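In the two complexes below, chain A is the common chain; its partner is chain B in one and chain C in the other.
For the complex of A and B:
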């Protein structure tokens, strides 16, 4: 009898815990999304401060940045699409043959959830492709494009 | 003992020891999660036993020009990974000795594919057509042919 009671107690506990687990999952999912938007907001604030004429980021400009063959950086990576697929909802491939998860947040909610990681890759890839750091507007446009898809 | 008996005994021992002879292309796989996530983001996590210490130091000192790409890390992460690679380098373990065979001490190879031993093992066996197969893509893509390369097994050739 004692055993059964304890079993019921456990079941009750788990039953009560379940909605919380669901809530937590949702929270994790949304915190990821808000993180990308938070990063974008920060970029927006910084750009507004440094550029009086700034009227907002543009997904269209972001797309053009993504597909343009710059050829001003390292010879093997003239464009973002040298490794990423032209369609950001599809996976890309590194030069060493490893798959790259899609860039569009709609198909890959894990993207842009870690600020240090965003900064690391903007740094590396802007220098590889453009041969310089990206501007605040370029970063904002790029993210706006990836969020818009 | 007749010839048939002799042959069967010999073959029995040959079969028995054959895995020992073949199973020599094994390297301790990388278990460190930082090394796996940082190096493995772009390419196979090569086993540190595949290059000597001087090579790892040279590679980790120039990540801005990492085989045609900028792969800069934070100073802290860079130091951590460099320490790991140096500690487990080819000249730190017996399995690496064979790999460094024929390599002059005055040369610091930056690629595993530059090792005389690697060249010897691949040049005769792998044709240009196979290297150019889009599924292979790059000589750094060990797993294209060695399916368990990431786990340190290279015997499947």
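For the complex of A and C:
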């Protein structure tokens, strides 16, 4: 329901008549983005509750988190970019040789549509790369960066 | 000398070897030489060619056996000279430099033919049983175990060596006949014609429609043998139909190729599942529900449930790292491959079995399904 109303709102705002294919593309894009945004909204609220000085997530901080060589986690995975491509619109490769779909939502709308999956991978990969769980701000920055591209 | 036979030619030209026999003979030379070459020298990823040539040999042999009943006079089995008496008299004539005029196969040649037939049939049978035992292809899958492949491969190899010796003997004798006895065997092998005594009665012609019978039998046997696949047996089943397989695929295939359960013992799988927070250098923790599903999956599907090359050679062996690529069978079978192959696209990693083994996810890893990528 939320999806449909947001779509109608978009149509009213832009006032354009889009062909069906355009509508479908938008639907796919928005369903992905609305989920990613929902997740981001939750992160935002949780962060605000725990951190009074919080002024919002930053794509720039997200980018530096993505490319920094931490080396505090497991030896083979010092950075996110050990497996993901430095350019999140390009596919990466796992250490076992499997391709990883791009991380940027603009080229891969299926990303961040499944909350359980987001949690699973934040859990695994933060521990692999950083050697600890990620903070709410780190997660928010990361997602903001991936949505911004 | 010509006086008493003045009105009758001493010799006449007769077609002894009919066209099907000559085509069979030349095809057999090509197929057997190609089989021996691929068998002795070709790497595993050429095996599909050896297999196809094997089916061609089945076709040729079944054609020739039928043709030995329905073909022209000297293509028939009953014209072979197989008695010990004829063999003895042939050799004594030879030693006394008397003329030996055999229109078809002479006695030692007849024995050579029988030897070839027996050897080639042993080659076909052992080859077909190896297919069942080692690759789980064909009807012999259900009556063999993987453990039989050791003796079968040994038999196949020994017979191949005997065959090589027989071929050498055969070629040597033919050259001897041609050069010393001036029998022009090689020419008759190609044209079919031989000089025979003028008083030789006309030769029996092939039976009507004999060629259709021979071709029909050869084609049916070959297609039957080449197309019989019995995959589901007590030795192998399709794991993708097992319970909890979806969990395995969903949880594990994001990072790596789906290793077949037969690659590890139950103990090895459960050790792996209890240390997922450090899974070959990465954290691969799972939700408690998923972990429970996977424990069930590998309890019900593991090395002990399969009798394949992989389940025996890899699944039953161990390596200190736990890695499949560190086990003896893996390193031995991949030692002739360049290291760079595993590091460059599209393989990227030796952990990526299905980059070359097209049937890796089924756990069968048949030689005929190896395709080296173009790099």
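Assume the second predicted complex is superposed on the first by the 120 of 149 C-alpha atoms of A that agree within 3 Å, B and C clash if a C-alpha of one lies under 4 Å from a C-alpha of the other, contacts with A are read in each partner's own complex, and residues count from 1 in each chain.
The rule we apply is simple: a residue touches a chain if its C-beta (ideal position, glycine included) is under 8 Å from a C-beta of that chain, and two chains touch if they have at least 3 such contacts.
Note that this is a predicted model, so its numbers are computed, not measured.
> Based on the superposed arrangement around chain A, label chain B with chain C as either clash or fit.
clash
> Output check: A:94 vs chain B and chain C. Expected answer is one of first, second, both, neither. What do you get?
Both partners, chain B and chain C.
> Quick one: classify A:77 as touching chain B (first), chain C (second), both or neither.
Touch status of A:77: both partners.
> Taking the superposition as given, does A:128 touch the first partner, chain B, the second, chain C, both, or neither?
After superposing on A, A:128 lies in contact with both chain B and chain C.
> Have a look at where A:48 lands relative to chain B and chain C in the superposition and call it first, second, both or neither.
The answer is neither, since A:48 touches no partner chain.
> What stretch of chain C clashes with chain B when the complexes are fitted on chain A: 91-99, 217-225 or 253-261?
Of the stretches 91-99, 217-225 or 253-261 of chain C, only 253-261 runs into chain B after superposition.
> Which parts of chain A are touched by chain B and by chain C alike?
Residues common to the chain A contacts of chain C and of chain B are 74-77, 93-98, 116, 120, 123-125, 127-128, listed in rising order.
> Hey, which residues of chain A end up touching chain C in the complex?
73-77, 93-98, 100, 116, 120, 123-125, 127-128
> If we count contacts the way the header does, which residues on chain A are in touch with chain B in the complex?
Going through chain A, the ones touching chain B are 74-77, 93-98, 116, 120, 123-125, 127-128.
> In the complex of these two chains, what residues of chain B are touching chain A?
So the residues of chain B touching chain A come out as 40-44, 64, 67-74, 136-138, 140-141, 143-144.
> Can you list the residues on chain C that touch chain A in the complex?
Touching chain A: residues 253-257, 277-278, 280-287, 347-349, 351-352, 355 of chain C.
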